[in-house]
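Below is one structure, written out as structure tokens; the observations come after it.
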Amino acid sequence: MIDRIPSGFNPFVIPFLVGMGFVFAYCIYALVKILLQLSFEDRKKFFLSLVNPKTAAKNIRDMFCDCLFHVKLWKRNPLLGYMHSSIAFGWFMLIVLGHIEVILFVPTRINLFYYPIFFNFFVAEADQTMKGSLLFFMMDFFLLVVLSGIALAMVKRVRSRLFGMRRTARPSLVNTIGLYALWAIFPLRLLAETFTAHISGGSFLTGPANWIFRQFLGNDLHYLPTWWAYSIVLGIFMCVLPFSRYMHIPAEMLLIPMRNAGLKIRNARKGLTRVQVFTCPNCGVCIDACPMSVSKENIKDCTVYLTRQIRRGNEKRIAEISDKCLLCGKCEALCQVGVQGPEIRIQQRAIRDYSIRQDFSDIAVNEVRKSHVVYFSGCMSQLVPSVGRSVESVLKKAGVEVEWMDRDGGLCCGRPMLTAGKTEEARSLVAKNTEMILSSGADTLVVSCPICYRMFVENYALPGVRVVHYSVYFDELVKAGRLHLTKSDLCYVYHDPCELGRGCGIYDEPRRLVGQSAAIAESDRCRKESICCGGSLGSLSLTFRQREKITRAALENLYASKADAIATACPLCKATLSRFSDRPVRDIAEIIDLQSR
Amino acid sequence: MIYEGKQKIWSDYQKEIPDDHWYYVRSCIRQNFFPASERMFTEITRGVLGKDVYETPYHTTCGGIAYHCDTIPQETVMTIVARQFALMTEAGYENYVASCITSFGNYSETLETWREFPELETKIRENLWKACRREFKKPKYLAHSSDLIYHWREEIAKKGRFRLVNRETGEPLRIVEHIGCHYAKMFPHKGVGGAEYPYVLAGMVESWGGQVVDYPERRHCCGYGFRQYHVKANRGYSVSNTHKKFESMEPFHPDAIITNCPGCPYFLDRWQYVIAEQTGKTYGRDGFGIPVFTYEEIAGLVLGYDPWDLGLQLHQVAVEPFLDKIGIEYDPKAKYLGLNREDIMRPGLPDSIKCF
Amino acid sequence: MADFGFKLSKSSTLDLDRTDTRVYDILCKTDPDIRTCMACGSCSASCTAAPFCGMSMRKVILALQRGQDVRPMLGKCMLCGKCTMVCPRGINTRHLILSICKYYD
Amino acid sequence: MKNIVIIGGGVAGMEAARQLLALGYTPIIVEKANALGGHVASWYRLFPDMTPASEIISRLKKEIAPANVFTGTKVISISREKGDYSLTLDNGVSILAGAVLFATGFKVFDASKKEEYGYGVYDRVITNRDLEAWLSGGEDKRISAPKAIGFVHCVGSRDLKAGNSQCSKVCCTTAIKQAIEMKEKFPKAEIYCFYMDLRLFGKKYEDFYINAQRDFGVHFIRGRVSEVGETIDGRLQVKAEDTLSGKPLKVQVDNLVLMSGMVCNQSVSELVRQARLDIDDDGFLRSRNNIFDILESNRPGIFYAGACTGTKTVPETLAEARAAALEIHNYLQNG
């Protein structure tokens, strides 16, 4: 291998250099800015996590698995997974191999960082070696891998259903430019390397192609324009990268360590929110995930459009998108990169100015009778009284002495306030409820409403009190032999309430309880992928008619299981589903009460 | 406003008013408020029109004020009313005319109650017999004294020296007519013209050349309302109701208000001063109020009586601008001279509303 | 000013020609369903905050139509959403409350 | 074949005639007015589908052409003669009829009886009927670019003092219909409907109401108008209690539309007396039974259809007329 061009420079690299320089500068600037936006504690936490070997190892593993191999996508749809990982990993390997070539053959040029990219231009093949052939083979191989990925990407543009996606996000102008530039990079690289293969050497792809071209164009191939073209599209791609969805490539590398450091979203636009916004690759998985997308009019309110509008700073749309969302958490659960759609939305709601604010500090709280076990049924249970009554009855059967603290109405847990963005007001309610619960001297707080349960778990500090959802508590009672269940002939399909499943990770206990008291069937989309009932308090602006469509879609999913009845563990889900359901909807507490002794 | 529409309603509410021989009972409070009014009634009916109007010093209150203040029960009121009727019967009269609107309402209510519940009438006859050994016949005709003036309005117009017309422009004066609540609101058919569009005062105004102002709150009470005024803590409510009426009539720029009730002229007149003090607002032109008259005073003015003989110096709101409009001559210096031409002293004049 | 020991009291009459309905007019645009309220009172009957502040969404809507003060009623709303759950006309009362809190001044 | 006399040529009489013609009879319609159609003919459009009233009338007129129709004619006497009825008309004709159908309808309440509303006294107080005439293209100087319009429900209905305790059934929906029509003509006008109860019992009536609220922004105020006064600029000051807030309320409007109710038609009382028919407490003709024999009178051979027995909507009246035709047919067949 010999350095073909003594100066080690040709003007065609300039577009690439400009793009590269711009991207680097931008990323450094963004990184510094984002780190400065973090609170002092968060920043400290972040830096400490980087030097913690355990998190560092996790960071590296996540980067490989998520950024290069797209493991989650493989699980979702192999074709989609292959498409993404072929481009990401293939491109990564091309860069790595390029560097190996430079180190091996022209180590003096390693300081010129365009050398690994344009190696075949600057270096002429003097003699063939085994090592060189292998490298050239690998280069061609990974180029082929990338090209196959690009080809799939092109197919996906027209037939996204083949990739398991019903809908994809409509690309914006800058995304389209980036997309076409990306698509052009690798065919142009193939062309450029083909045209220089008789000089720089090539392998199974570039070699024969070079031979074929020479049959048409003669020996004197005008290869310089192809290298110019290759460099220019690289330059274009990198220049639009910060403004396009391709910003997710560098951003994800920051998001992974931030997530592993345990940082939380604390601001509507800054810090972690900004990183997540940059990390959103606009893949559109959230569109299919979103229960609202049953109505075409709501498609533009999915998380992918939220991140896009935040990047654009379109306040009106940000507000609309933020207010509509049910906060069911499915987009977050399915998101490939970990964008927390619901959390980001709550933060948008929290920056509103309200001229009337609520204050609960002067409310006189009810005395709660002393008891080891206290039961909190929540506001919604007043509209679905069977839940509270069944919970009480089951506990009585199991010999648990319980004090039902809000039997005659109480205070709201505060989660509806919190999700509406009224953090202070929510805190005020939390304080009142905390005072009441602690005054009872309880060691266990049984909660039947998943909305309340999540609030108690995430936002209450109740020292010495175990907060437990009744499904978990009942499950324990059954295991301990304090509750005996008999099986009915009915077959239930269990609907996972968003707040209980995705929100608190409780999927198995309710199923176990239903399974012990009846036959149980599963719907197509269950657990993490279950469809919100449509009644969620998360949404501020969805109208009743729009919600109805969501409820009907959730029911269709449940009907597909052919079960006789629907079981759920949330009063709101029960009320919402039974509004339109053609079969009975029961709360697990009711089922257990019926089937227990 | 469709005048024919009103005429149609007026024609539905006519009452028979005999032309002569009336037994007259006075009001408890009018003689203190506007003392010349009842005097003018007898003067006009007996002197000018030559009618037989009889009264006796033995008659008493009808009990209406106490009744409407919830201090005596209806049975007591009815017995008082029965005694009044007994005096009429003893004097040999059958036509009963009351000077007071509340009395008129009270008599009407009593007679209607007896008509509906004859056993009550029997009981009251017993009560009266037990109390003072008297017996009575129910009056054949019951009228309010404004009904009589209404009845003779054309004769008065004929004999009159003045008309309710602006001397300068020849335009009819704009007069608000205010009817006492107890006149026809309880029994619309007992009043001339009914309750909704009473004609008793409107008829006088029209016959004497003026123009009646119909404003949205014309039905509203003057604000007296018995309890509302008599309990001092409630007087704010009383004056607020009066205020509401003035606010409503203000855009019509009335030249005067004519009334047929003892309380109404008093409160419509005096509260104008209180409102002026509290809000700084007056409802007449140039800082004056709107003068308020009883129908007897207006009749007296039309007939050419001296304003001071009509007792107009007892009005809070200055009447002079109204007299000037008609062209009634008066001696400003004589305003505060008594019948004996001696000074009766001068009231303090307020700053908030223009008075003489 | 002379002190009479009593004062003109403010009229309790609602004068629709002089009613300030600016907030209501805004809400008719942002939440047009507000107009379909038929004052059934389900919202008030199910309200979690009602025992603490006399909150009644029915009264709030009426008060906005009549230009009356709604502040005290909204001060204890917990946004629990039960009113929206029960509204027979499908009015998104919860969003309405947030809109009122935003536009009221 | 025996004669059938239908007294009244409104929609009830016409529809009954149409059905009788279809059954092979040639009924005789006696209508006191100079044209057929009754009250419906003076209406512009009918709720809830905004059907033009003229469509109904012209269709009925066309289809009953073969019947014998006397317009501008009154029945002056009726008497029982063996199994039949002998009727004399004021044009000298006398008819022996096997069956008589009373389709004598109702009278619109005379709104001027509610003196406090000032109909006939204040220029711009009109009735539902006046408004329909105007909507049909009639001239009415009282209506000109109103900024605010009030509708008073239950004028002369559900009002003991007006002598009618019954609900007129159609006024609530008519008020909503007219409110929408006025809003269509004057989109910027504020419209206030003063109601005691909204009785929207029929198919699509509630949708109509929601429509008026949401899409047309009609204000519904629960409270009966107490009194009306005329302001200096000729507008109307309307007072009522806003019963939902428990406060007195006033508002100025340019036009006040009184929803005059349906009252019994007393102009047939002489005929009713002669035929010895029973009168109900509300003054309407008394059916033999209010559930099963609603179309039958206490006299054999005399039948009822439509609003002569009580307040009814147009479709109810038409349905009764059809049923009455069948009842008459059965009566004559079994006769």
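Note that the chains take the letters A, B, C and D in the order they are written out, and that residue 1 is the start of every chain.
Criterion: a residue touches a chain if its C-beta (ideal position, glycine included) is under 8 Å from a C-beta of that chain, and two chains touch if they have at least 3 such contacts.
Here the structure is a predicted model, which is why all the values come from computation and not from measurement.
Remark: among chain pairs C-D and B-C, C-D carries the greater number of C-beta contacts. One finds 86 Å separating the Cα centroids of chain A and chain B.
One simple way to say how far apart two chains are is to compare their mean CA positions; for chain C and chain D this gives 39 Å. With centres taken as mean Cα positions, chain C sits 46 Å from chain B. Chain centres here are Cα means. That of chain B falls 46 Å from that of chain D. For chain A, no residue reaches two or more other chains under the stated contact definition. Of all residues in chain D, none touches two or more other chains. Chain contacts: chain C has residues 33 touching two or more partner chains.
The chain pairs satisfying the stated touch condition come to A-C, B-C, B-D, C-D. Put simply, chain D touches chain B in their complex at residues 112, 115-116, 118, 120-123, 227, 229-232, 237. Across the complex, chain D is touched by residues 12-17, 28, 32-33, 35-39, 58-59, 62-63, 65-66, 68, 89 of chain C.
Residues 323, 352-360, 363, 379-380, 382-383, 409-412, 414, 416-417, 420, 422, 429, 535, 537, 540-545, 572, 575 of chain A are the ones that touch chain C when the two sit in their complex.
Partner chain B is touched in their complex by these residues of chain C: 1-2, 4-9, 11.
On the side of chain D, the complex with chain C involves touching residues 192, 198, 210, 213-214, 217, 219-220, 222, 242, 244-245, 247-252.
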